[in-house]
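What follows is a set of structures for review.
Common to both upcoming complexes is chain A, partnered first by chain B, then by chain C.
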Partner chain A sequence: MRKSALAGWLLLAPSLVLLGGLVVFPVVYNAWLSLFDKHAFLPVQRFVGLGHYVYFAHDEEFWNSFGHGLVYAGATLVLQIAVGIPTALLLNEGFRGRNLLRGVVLFPYVIPTIVAVMLWKWLLNDSYGLVNHLLVAFGLTRTPVAWLGKDWIMASLVITSVWQFFPFVVVTYLARLQTIPPELYEAATVDGAGAWRRFRHVTLPQTRSVLFVIVLLRSIWMFTKFDTVWLMAGDGGVSRYIRTLPVYAYARSFTYLQAGMGAALAVIMFVMLIVATAVYFRVFEREEAIS
Partner chain B sequence: MRYPRARRAGLLYLGGLALLVIGAFPLFWMLSTSLKPSAEIFATPPRLVPAHPTLENFGRLFSDTRFLTFFRNSALVSLATVALTLGVSAPGAYGLTRFAFAGREKVAGLILTTYMFAPVMIIIPFYILVKELGIVNTRLALVLSYTTFCLPFCLWLLRAFFESIPLELEEAALVDGAGRGRAVWHVVLPLALPGLIAAAIFTFILAYNDFLFALVLITSEELKTLPVGVNDLFNATIVDWGMIMAAGVMITVPAVLFFAGVQRYLVQGWGAGGVKG
Partner chain C sequence: MTRSTLPTSVVSRRRFLTTTGVAAAGATLLARAPAALGQQVRELNVWHTEVEPQTVKTIQDTSIAEFERKFPGFKVKQQALGWGDLNTKLLASLAAGSPPDLTHLNPFMTASLYVKNLLRPMDELIRALGESDIHEATLKLQYFDGKYYGVTHAMGATYFAERRDLREKKGLKPPETYDDMLKLAAALTEGGRYALQMPGEKLYMGFVHPAEWLAGNGGAWVDARTWRPQLNGKAMLEALDYVQKLNKFMPAGWSGQRYLDTLAALATDKIAMAHLSGARTIGYIERYAPESMRDPEHFQPMLRPHGPSGQKGISALDGENWAVFTQSKYPSEAFEFLRLFYKKEHYMAYCHSVPIHLTPIFKSMINDPEYLSHPRIKKWRSWHDVMVNGLRTNRFLPIGFSRPEDNRLPFLAELDGSSIVADMVVEVMVSGKPPKAEADRAQRRAEELLTQLGHKRWS
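Let's look at the complex of A and B:
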């Protein structure tokens, strides 16, 4: 028994060392660092207590970034679900070419972010982009839309992100759909339920918990998304119209070289996520109790 | 079915077609653009298929940029990450399922919570740590950071796979006189292969895709990986779209090949917990 416990710990040791050293320690160190004015490269540091947090409470840039993050995460979440669930329902039906489509739908998710972004920047290019060409050709707009200009850059970012991440919703939802017993649908059909009512009274209740997980994971991941947002506009020019908290934290740390401030932003994001998750679980549990 | 058959089929195929356009057309457009001579790239109206297909964009990509260096770095780092992650997580997951020890469930739960951290939330202390260790601007730093980020998911995935393998099989091998090592090698690992492959794919995709760590931890041109190196192509005064699309094609091919080769194993992994991103 003793020996077996030792063997278990030994096998697990490399994982624990890596996670402890490279995740847990940095998280703790990050919280500590957020109390200091620290240069990103030089070893100078000065204790400022909660100074950074007080600063951000009045920092316009912070609140703008927070707002952008809410808009970005909210819009992409709603659209990913609006596109992803009908797609999953479609791919759950039996028809020729279904397996091919199941593969195709994963493409956007499998290709690296850099490719997704460069591809959409090209499609949305104001002078030579295919999207503008089609819009003008079909008479939907008279002049080309400046997709990557300040008015439309957020919309472009949302389009790119939804395209890139809706397959996650499809695959996760589809995996659950496939486990719903067909008898439930047969019984509903016998009772005279049409497609909509079958969805409403069989599919939805059966997939509630997977939807719960999808909404939770996708909103956390969209809110903390760095690469897609950063790649869309870099850190100059129109980037300030889509700057979210992760990008702001990066800019504070590695552009302005204020590592302490960047660390404080990371802590703020972390606390926001924990609070949001806790509230979300609460609300969901209550609903569960009612139904 | 209340819908008449023909209408149902019509709706399905319409939806299928829409999906095909959404999923595959942008990639087709990337390929098409990469094969066009520059006059055609900027032609109005744009042509769907290049009239005079050419490889000159790819030629410029290989001769005028360090694309091949970035490519090599990405391949090295991603494969090393896969090897290290599997080497660490497979024994760990095996330990979690086959040996009873106090606090085992707690440890497993804690490991899962580390999965919630987004890279951007620890990148600053991580950078400082890596600098203290003296491995900033090395491939090792990238491999270590990706491994750490893939570990929680891989441990959970593999734990689920090991749990599904009946203990009796191993015990039978042990009774037959095989040592534990041989029992694991000949009995457990072959049965856990789909899980190992799924874990390898997740790890590869995450490492191959990463932008943030590569942006922060790598400063020298010779060590840059594809996402950061290729993004620099946008810094040119005149953006060379043909060459950028060629780069996109070159980056996509390995990712899609790697994925297609092992896709059937993936559904199980996806069912077991999803992939981060």
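Let's look at the complex of A and C:
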């Protein structure tokens, strides 16, 4: 028995080493680093304990970034679902060219982020962008809209992100839709249910669990999204209006050169997400139990 | 299936292992062939910020070619990177303990690296190049405690690029003061064309230009003695008031546009002045402006105006310096490379690869007929003259400097990276918030930053 247990541990060892080295160690090291005033590229550090956490509790930039992150994650999540679910329902219907359309819908999700962002920045540019050209040509506005300026930059970022990530919702939701037994719809139709009631009483309950996963994953991913936000305006003056916590953490580490503070921000985000996930799980479990 | 039924072509284990072993040994030997032959190829890593293809090719064909002939065991690997990329990559390489052997540095980063003992002195090289021939505008930028720690690769000024024809039609002279500039901007905003556009990148609107405003209005980033920031001092407040007014004459979305967008806007008649320009702008004009307008009669550089508390307008001098790190793998060879880089024929070819933008650092070469004989310099001679005039009248300071002594501040890179100044400028200009309140906020943040970085000298 002990011999077989040893063999089991030996077989597990490579995975444990990998998991420890690639997941546990960086997390623990990051938490440890957050207790130091550490320069980003010099071996200079000073123990400050929880000093960084206390600082961020009163740091205006931290709360601005947190607020931007909530707005960005919230708006993109709602819109991804609002666009993704109807699209998935449409693609679940039988019509000519459905397979082609299913492929096309995936396109934004498979292109590199840098390409997606550059494409949208080009489209939205107020000097030579196509969007403004069309708006002016159709008489919808007399002067070009500054989509990449202060007032519109968050909206532009949300539009770009929704365009890029809604296919994930489509694919995930569609996969679940295809497994719903058609008999359920047939029975509902026989009982006189229209399209809306079929959706309300058959589709939604059947897709509850996948919606839970979509909301959980997409909210985590959008809250921690770095590349799209950074590429949209990371090095620009307007970055102030869309600076989220991941961008602020990057800035603290690599432009302020304060690695300890950047690490503290990463820990704060980690804790926020753990708490939010736990609450979400609890709420979902309670609702499952009730239903 | 039994062993005897195996087909004869199946490779035996012994044969497989033998073949694999021989192949691996062969591959290793091939990969290390020069070493095995006693002629190890070593790589001299050179990073710089001149990304134009013709400049990269010129360096390759001149300095690198001669270096590799003289040092047969060496290969020079040059990497041309934009400013931002270079800074990020440099920091990462320093953190990893493997920086390039030779690199361009922005002067505002040099002090920071010097105080951390990361740079090698290069007095011998400076003497060999001719200390007295190097222009005063650059000579002592990296001079600390009696030693030189850098040498500028070339000088390029930044200034406004203006539509001279439009200004002259209005009967206005190039502006000397902030007030003149506001009058000019008002006069040139007409018929859907804006007077000017500032680049939206933080580096420019949040660091390079604010340094110019301070320098041109009798101010400075910090108090010389205590290093206490002076972001809410009189000089900055006056400058913020000026740029808030100037904002009315700029396209609404300027803060989301980039430097190159502003040059395109100038060449295509969307604006009358590009706030940030250099001799590179000539390339844009020659490519995108209407053919009949591609000349200095239509496009002209214009130096910065000064503020009410300043004596003369100051522009940023775009001139990174070469630096050799204490951690460089081949420091002697790096210095040898620099000697070849500055060899007259190589250096002349380098400067001619982007004429005027790469103005030579040697006084003897700036007015050398051979240098001036380049067709682009001949055609755009007035741009060269503005550069020479600016150098003569001390109208330039290195990028990010509010006064010459800023070369000793070891935190300018961090101040630039922090967005503190950029946030202040964008709130004042774009959001129209009161300069005093935003300057006070920036001051508080800057004091916090310098305290955190351990540079607080005030009580």
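Here is the rule we go by: the second predicted complex is superposed on the first by the 272 of 291 C-alpha atoms of A that agree within 3 Å, B and C clash if a C-alpha of one lies under 4 Å from a C-alpha of the other, contacts with A are read in each partner's own complex, and residues count from 1 in each chain.
What we mean here is this: contacts are C-beta pairs under 8 Å (C-beta built on N, C-alpha and C of every residue); 3 or more make two chains touch, one makes a residue touch a chain.
Quick caveat: nothing in here was measured; it's all calculated off a predicted structure.
Set against each other, chain B and chain C touch different numbers of residues in chain A, with B touching more. Once the two complexes are laid over each other on the shared chain, residue contacts for A:Ala7 go to chain B alone; chain C is not touched. Applying the stated contact rule after C-alpha superposition, one finds that A:Tyr29 touches chain B and leaves chain C untouched. Of the two partner chains placed by the overlay, only chain B lies in contact with A:Trp122; chain C stays clear of it. With both structures placed on the common chain, the touch criterion links A:Tyr173 to neither chain B nor chain C.
In the superposition on chain A, A:Phe66 contacts neither chain B nor chain C.
In the superposed model, A:Phe254 makes contact with both chain B and chain C.
Under the contact criterion defined above, the residues of chain A that touch both chain B in one complex and chain C in the other are 40, 125, 128, 254.
Here chain A touches chain B in the complex through residues 1, 4-5, 7-12, 14-16, 18-19, 22-27, 29-30, 33, 40, 83, 86-87, 90-91, 93, 95, 97-98, 101, 103-115, 118-120, 122-123, 125, 128, 130, 133, 137, 163, 165, 167-168, 171-172, 175, 189, 194-195, 213, 217, 220-221, 224, 226-227, 230-231, 234, 246, 249-250, 253-254, 259, 262-263, 266, 269-270, 273, going by the rule given at the top. By the touch criterion stated above, chain C contacts chain A in their complex at residues 84, 88, 91-92, 94-95, 116, 200-203, 205-206, 251-258, 261, 264-265, 270, 413-414, 416-419, 422-423, 425-427, 430-431, 441, 445, 449, 452-453.
Chain B meets chain A in the complex at residues 1-3, 9, 12-13, 15-16, 19-20, 22-24, 26-27, 29-30, 33, 41-42, 44-46, 88-89, 91-92, 94-96, 98-102, 104, 107, 111, 114, 116-129, 144-145, 147-148, 151-152, 155, 205, 208-212, 216, 226-227, 230-231, 234, 241, 244-245, 247-248, 251-252, 255-256, 259-260, 263, 267, 270-271, 274-277. By the touch rule above, chain A contacts chain C in their complex via residues 37, 40-42, 60-61, 125-128, 143-150, 153, 233, 235-240, 251, 254-258, 261.
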